[in-house]
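A, B, C and D label the chains in the order they appear, each numbered from 1.
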Amino acid sequence: MPPFATTRRVEFGDTDMAGIMHFANFFRFMEVAETDFLHALGLSVSRRAEGWGFPRVSAACDYRRPARFEDVLTVAVAVERVGAKSVSYRFDFTNQRGEEVAVGRVTTVFCRDAGPGRIESAEIPADIRAKLGG
Amino acid sequence: MPPFATTRRVEFGDTDMAGIMHFANFFRFMEVAETDFLHALGLSVSRRAEGWGFPRVSAACDYRRPARFEDVLTVAVAVERVGAKSVSYRFDFTNQRGEEVAVGRVTTVFCRDAGPGRIESAEIPADIRAKLGG
Amino acid sequence: MPPFATTRRVEFGDTDMAGIMHFANFFRFMEVAETDFLHALGLSVSRRAEGWGFPRVSAACDYRRPARFEDVLTVAVAVERVGAKSVSYRFDFTNQRGEEVAVGRVTTVFCRDAGPGRIESAEIPADIRAKLGG
Amino acid sequence: MPPFATTRRVEFGDTDMAGIMHFANFFRFMEVAETDFLHALGLSVSRRAEGWGFPRVSAACDYRRPARFEDVLTVAVAVERVGAKSVSYRFDFTNQRGEEVAVGRVTTVFCRDAGPGRIESAEIPADIRAKLGG
């Protein structure tokens, strides 16, 4: 699979009183990058109409350098592992000066709707798996 | 109806790089105060199981004084108007020194589920109206 | 001043359990549109290094139609008024089908740093005023 | 050190279109729990006036069970390690039925102001270290 990267600017509302992007917002940036990545493959993080989605089972981030208001972050997305039911991503954040800002990891599990307000994990369909490089 | 007020602390993540609570977060505080208010009446902003909710049709806030990290804001909730289908609230924010911080207004409309992903406005049921003082 | 518009996609994390963009996030979208608008004029919502910014004194939004995950909203920005110290904006939100989604209004006040953690309102400098069409 | 726990309700605005608390908001809940914990010790996550704070260098969360609107989560806070300059926390989330919801970990580094907009890591002062049980 070719490397994939997307960009997103740090907005005023993404910062906190320390003058830098709030640490929880890196996870929102990862989600946006994952959405962009899946779109590029013709997929989505959620196809409610089709009754499936990719909820997260774990998420982590190591912070190397602050991100500031109006920084434009490049988020490189890599699929680290495709399991029977799960997909693990790595996200490398760099700023507009090419400096490493953060490294994130998220594991999602393929789930199908199983009645009102209920979902259950399921094997990733072959066509989705193929697109993810699994 | 007796006056109602609730409190909520300004968290680190509620602030922005100006060192004060981000302006959009006042609307989140209004929503929490509305939830507290409705709970006190034995109601909720959303009863998904019963197929109804109170989505917003307008929201506004006037900012008088900054709210800072670790400030404990008192949010007084008043029902300004109960219409056939709508409820309008006023929220008065004061800080722990009794200073006026902000005044917000939100109008919500009673809606019922009308098929998958669809809702439609409806008359507020008499029991809910009575609790709201309408 | 020529009309200005920017676009922003509704992300998964922008939605709430009603399946639509949370009402407070429209204010974050307004802030992003304001930043884009000011950038297009060679300005910013905050020039910390130069000791000035544009904090908000009021914000309002009328919601006409839900915005959903993966909708791409166009936000048209118009300067409604430039006062001695304040700027009032109007934001018109439309979706990718050209439907009106929301109308927002924000008034900001030009402020200068006035010591540690303090700011005070000031007259908008002539060069900034000229760019804003005031 | 005696065990410490705090509670926080899942608000409407904390949820996403999957009907559950958005995964990034668990990190905001961890921050609130850390603030409560430090307050209980007579400390804070940030003492801007005294020129120090505890920015994060890593954060992680394992999600075991969804948290839903109006759930009241108990967040137990444990200091897992106090290093020369860092503090590592573990956060155990349970819901009002006593079910495990998530487990989070955050490592923060003690930093002092080092000029405008700059901070640098430093050894944790003895009095703060003693309170943290290090």
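Quick notes on this structure:
Please note the rule applied: a residue touches a chain if its C-beta (ideal position, glycine included) is under 8 Å from a C-beta of that chain, and two chains touch if they have at least 3 such contacts.
Not measured: the values here are computed from a predicted model.
Of all chains, the one whose CA centroid is most distant from that of chain C is D. In summary, the pair chain C and chain D forms a contact in which both copies contribute largely the same residue numbers, shared numbers making up over half of all those used. Within the list B-D, A-C or C-D, A-B finds its counterpart interface, over half of the contact pairs alike by residue number, in C-D.
Inter-chain spacing, taken between the CA centroids of chain B and chain D, is 27 Å. Here the CA centre of chain C is 32 Å from the CA centre of chain D. With centres taken as mean Cα positions, chain D sits 23 Å from chain A.
Touching two or more other chains at once are residues 12-13, 17-20, 24, 28, 31, 46, 48, 69, 117 of chain C.
Against chain A, in their complex, chain B makes its touches with residues 12-13, 15-20, 22, 24, 48, 69, 117. On the side of chain D, the complex with chain A involves touching residues 17-20, 23-25, 27-28, 31, 46, 48, 53, 55-63, 66, 117, 119. Residues of chain A touching chain C in their complex: 11-13, 19, 28, 31-32, 35, 44-46, 48, 69-70.
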